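Each in structure tokens, the structures are laid out below.
What follows is a pair of complexes built around chain A, which joins chain B in one and chain C in the other.
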Partner chain A sequence: MSDETTPMPHERGGTDKQPASSDVAKPARGGQGIGEVKGVHAASLIPEPKNAVEALVAPVAGFGVTMATLFKPVVTEQYPREKAPVEPRYHGRHQLNRYPDGLEKCIGCELCAWACPADAIYVEGASNTPEAQYSPGERYGRVYQINYLRCIFCGLCIEACPTRALTMTNEFELADQTREKLIFTKDDLLAPLREGMLAAPHPMAEGTTDGSYYQGEVTGPTADEVEWVRRNRPDEPSLESATAAAKRGSARSEGSAGAAS
Partner chain B sequence: MTTTATPKPGTPAEVEGIAVTIDGVEVTVPKGTLIIRAAEQIGIQIPRFCDHPLLKPAGACRQCLVMVATPDREGNVREMPKPQASCTMEVSPGMVVSTQRTSEVADKAQHGVMELLLINHPLDCPVCDKGGECPLQNQAMSNGRTNSRFTDVKRTYPKPVKISTEILLDRDRCILCQRCTRFQAEIPGDPFIDLQGRGGGAPGGADHGMLPQQIGAYDEGVLGFAGIDGEVREAAETGQMVGPNGDPALLSGIAYTVGTAELDATGRPFASYFSGNTIQICPVGALTSATYRFRSRPFDLVSTESIAEHDASGSAIRIDHRRGVVLRRLAGDDPAVNEEWITDKDRFAFTWQALPDVIQTPLVRDEETGELVAASWSEAIALAARGLAQAADDGGVGVLPGGRLTLEDAYAWSKFARVVLGTNDVDFRARANSPEEAEFLGHAVAGVSMDVTFAGLESAPHVLLVGLEPEDEAGTIFLRLRKAVLAGRTSVSTLAPFATRGSTKVRAALVTTEPGAEATTLAAIAAGTGDHAELAESLRAEGAVILVGERLAQVPGGLTAVLELAKATGARLAWVPRRAGDRGAVEVGLLPGLLPGGRPVTDAEARVDVASAWGLDADAALPGEIGRDHAAILADAGSGELAGLLLGGIDIEDLPGAGESERAVREAGFVVQLEVRTSALSRYADVVLPVAPPTMKAGTFLNWEGRPRPFGQVFATSARSDAQVLDMLAEGMGVDLGTGSLEAVHRELSELAAWDGARQPAPAVEPSPAPVPSAGEHTVATWRLMLDAARGQDGEPYLAGTAHRPVVRVSPGTASSQGVADGDRLTVVGPLGSVTLPVLVTPMPDHVVWLPLHSPGSSLYRMLGVGSGGSVRLASAERATNGEVIR
Partner chain C sequence: MSFDEKSPAGFALAKVEDFVGWAHSASLWPVTMGLACCAIEMMAFGTPRFDGSRFGMEVFRASPRQADLMIVSGRVSHKMAPVVRTVYDQMADPKWVISMGVCASSGGMFNNYAIVQGVDHVLPVDIYLPGCPPRPEMLIHAILELQKHVIKGQAFGPHRKEIARKAEEAALNATPTHEMKGLLA
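On to the complex of A and B.
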């Protein structure tokens, strides 16, 4: 603000609520308060009433907006008693997605961490092994953390993600009391298993490549995958629904094979 | 980085200058300069992949195309019709070069090459270790098209191929620049991978009998040799990684049968001690290391320049760490020392500094249980100080600091022994040694710096190796010698029982010498008689060098003879120890007869000199008698004559008579140990004080040349260096040692540097003839392999997998008299026990057997009870089962 006499926006019209003199408003510590303009007397800024009518309504003119608003519909959000809906592409908490057979999409490439302007993401990759395969291909994200004290919800990370593993949900209630609780780990971020998904680790569907997964050719767990998990982790809770899904899947592919011939 | 190149320093002045014009800028460069280097000198970067300043030009990738015009016979400057590879063409007078900056044709050509390179290049960047530091990524951005016109299916390969346990190859990322194969063939001479096949191959999944051009290992899976049972092995279950199809990673390449390939002497496909360098120079992510695979991105890493701690070469390295964990080490670029290469041990063996057995707090013995328990620093220091003071009064304390200390730490040990404990009973040589060696070190090594250097080796007309196997014991020396030999400047000869692969690669003339006969052979060479006349002559040439390894100390009279040979021929002499701290330890006087700077303890003037530097008043303050050496210290501590021991990083397996030494430490009175990790000796210590590993302190190693190699601290921790711990300990004993900071130590070291007084006299030990084994006995020849059972390699299984397999070498005569052939197992019996290893028949003297000193299954001091020159019997030959090869 180059012009010394221009009032700061917050001072304008503030006369009916508080003492108008900026001298009075000056903080006790003696120096000039932040945002204050030196040498301006707010009282001198109120325009003089031009005629009698104006002079008559002047004392209540300030209530004009209040009066008019009384008869308009209320826009106050009742949050947190009522949750407000957000736009569909709202940038909320992140989610790490899965392929339909339950394998994770994240390959631990760290491109999200690289893209992040706030340095909120921490990733460590690792090798899949035949004994423990978490994602299609060779590499998976072993450690995945997002620090929501740093995240500015810009969405650059989800644009950087080459496998569409990282997306953003509409969840925005991310307040908490401790720092630790606001660092979300892979467990917190991983999408829940949907009906029919088989929890990783398990091998890829037979005869597929990571490319087939990416192109959507894998539509659910196969009988072999289910069998593998049954052998290695008999207590896996997702087995039941995955077994059913695998049956449906094979019936469908047989059906389509039949239709084709 | 891999794409930058600097002109070689020190171009001789007499080389003719040639004026050329590059992008309108005139520059004069020495004759023979490549266009790409000349352009660098004026700050013009031409994109490149295969070009590497330390490798011969290849012109393999064609990325560096530029337009070149030269004057014709009439002097008209005429442009060549097609772009030329600037990395293979030397400048000529009047040449006019237009790079991509000024020539549209060159720019278009480079874009075309880049497009071709990317046609079959996978979209692997997100899962590729090179992503973020990839010359292909970078140059595709700077000199490539923004989008691809290629719409077909890319060619793919099954991957990753394991070339060795440490090195993985993703062939579809390879751009066939051949840096890796050229490095392996030219620099260390281990061509264990090579270019195979021809043409472009077929799209992913297609199957035909053609072998597309690719890099592959000499491995049975690739080349179809070593058919153990006539079968060529294919993908092997390794349980470690998966390929993109979810298949287990390939142990070796796919089974295209091309022909048979060479095996290395131990019956395995070639591995190399230097293979890690290929990962670093690969301009794409085709070669990756199993250890670092998928571990991080360049932007995660914090880099620290450092010096490798595994041998006495002092190689420059870069340590990359992420969140308190070292993830990889790379070769630094130091033209004067290691150029751009390091050994695999220097590159991969770093996990030992962060294993669970690293000591975190001081440990003291619990009075009731007798167990070591954690204690506070003040408690432990007080206890150690009290015990050491008592022991010093009761009979003295022996000081065994070990050979892995930095110069500063070694100095603190030396000063502590003299000032606080008032003793000369100090010896760093935790290995086979002799009093003769101590004299030799005082006479010819201490205080002599930079007499023989790496550059000196490169320009020496002849280098004689005595008791030294550079490939195993000082890898950087091996590379330099090979470079010099290939350049035709240098010839090498070696005193050894047989021609090793290492000496073959430096084309060394073998002077067959059985263990123990070195002294007499050296004397014969000095006399220049008979067979040795020629060798003596080449040692007389100006600049000739004798490199003597620490192993010669085991031969009585050997070091005396080598000094005489040097005197007789005028050849320069350099001592090459194995450990990083040995040379520095000599310099600061960690020997019973030596004070810092090569001052003899017996010299009153020298003592006064040191005493005044240390601020002590009378010369009586420093003991003037030569102290006990390593063996005597241990023996007297065991018998109780010495009342205490102060131990540094000593591995009991390194000591001849390992069992006896261990017993001595157990029997010793009061034992204080300063160690990074708990060791076998910790269980006999009364107080264990943790000291910082190299990543947690700064310091300096002196390499074999005597060149100071300072390094910085990687991690900021509260770990204390030896010098700081000894400073605290001294304080506890009421002495101000003044070694608490590097600055203080450096100040004192510079005060103590120059000693021009008398040196310790040369050793004079009569050469004893080689021991002649009685009938049925054999003499042991042995040394340590680079990759063996060393504690420094702990926690690194991928590296261990590339080690040479332990074998026992016998002569053809011995083999036939024992009735064994290659691959059979032979038992070698010594006084303490036996070692059984596969046989490798090697041309060598009949009554000599060779086996590694400290490899898995072959730790001679403990298992046999003998070392080099000892007598053993051969027993119970076990025939290899039908067709078995050593694997």
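On to the complex of A and C.
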């Protein structure tokens, strides 16, 4: 309606049937139905069937799209049954990494917590002691918590980490029933011990500094580290594989030393 | 319901509860409500690629009266909170709530005066879903977690009274959301 707030029913009915010229005859009244364009009739927009075949098919022609789709490949992801594919660099749950001999990479510097735009990370550092050495160097992360109900998976913490201790995994199935369960502690985040790793705490490999750890010069547990753990924690489950790894490592270093000399 | 006031608690009632739980879990109808960017991922969940109808929930009901599930998708501002609560109140029992994304769950990175720090200040949330925004697969995972919770069944008769009493006791002992400290705040 162009200028009238309430249309008169008889006028609307009238203009529907009248040709466009009648609108020109009384321009002040306007007089179109709601949603109608001047001079266009709704019935004229539906194409007339051209021949008998078209007239026969017309009522079911809309199913053409449905029928054609039957022969196209299925686009639906079967997610719960088949794992959803994510990109290799997908930002998923975090992980606190370890050096090859099992010491933690995290030094408790709190740079990740400072970088976090959502204040999701809480870190408390503590000093390593000869009795309990968790990471190479002076400090380690004693408390490490990430609140996944704050974390926005932006990855700024990963960029901030000076030792590559914090990285992200491809895991995204994180939903849970309480807010407490979604605060992941160090136990949840720490990478599992791989074959040959010796669980911290244990001393650094003899004759190394935190720098040599960082530069990748330590490739596995040494015999002294294994011996230290056996003396202090005889029932440590990772001892067995670490002993084997230490033997392999010493054989390799002797071999390389022999080759060099 | 009239029958559940007098019916005895026993094997038959337990079977009815199991059946109702199974039926509920297989046809959770979400209410059409999107608050922010998470709603885009929620809409993607309804598209053929992720196909919510595989879980019996392809119909996003436009009326809260016909919905069982509220997916709070996006940040809840203080101005929006009463509206969200009204929509929740209009839904018929039994009803469930998924808090989708970090903003709805805890305020996320919007730790400021405008945003409610977790929709659980105004609604009872069943499943919290992290992510900013969560991808549709994460939402599917949350829904499967919710179905595990729903399939346990709806309590009737004497069971319902017993459960209501326990829930009240637990709620009285729990720390109120506004008194939570540290990372929970």
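Just so we're on the same page, the second predicted complex is superposed on the first by the 190 of 261 C-alpha atoms of A that agree within 3 Å, B and C clash if a C-alpha of one lies under 4 Å from a C-alpha of the other, contacts with A are read in each partner's own complex, and residues count from 1 in each chain.
The working rule: a contact is a pair of C-beta atoms (placed from the backbone, for glycine too) under 8 Å apart; a residue touches a chain by one contact, two chains touch by 3 or more.
Everything numeric here is computed off the predicted structure, so don't read it as measured data.
Overlay on chain A: chain B and chain C fit together in the combined arrangement. In the superposition on chain A, A:Ser127 contacts chain B only, with no contact to chain C. When both complexes are overlaid on chain A, the residue A:Pro203 reaches chain B alone and has no touch with chain C.
Residue contacts after overlaying the shared chain place A:Thr66 against neither chain B nor chain C. Of the two partner chains, neither chain B nor chain C is touched by A:Asn51.
Look at A:Cys151: by the touch rule set out above, it reaches chain C but stays clear of chain B.
Superposing the two structures on chain A brings chain B to within 7 Å of chain C, judged by their nearest Cα atoms.
Of all residues in chain A, those touching chain C in their complex are 75-77, 79-80, 84, 117-120, 122, 145, 147-154, 172-180, 182-183.
Of all the residues in chain B, the ones that touch chain A in their complex are 125-127, 131-132, 160, 237, 239-246, 248, 293-297, 299-300.
Only residues 48-51, 54, 102, 105-109, 111, 118, 120, 126-132, 134-135, 137-138, 140-142, 144-145, 149, 180, 182-184 of chain C touch chain A when the two sit together in their complex.
Chain A contributes residues 107-111, 113-114, 124-131, 133, 136-139, 162-163, 203-204, 208-211 to its touches with chain B in the complex.
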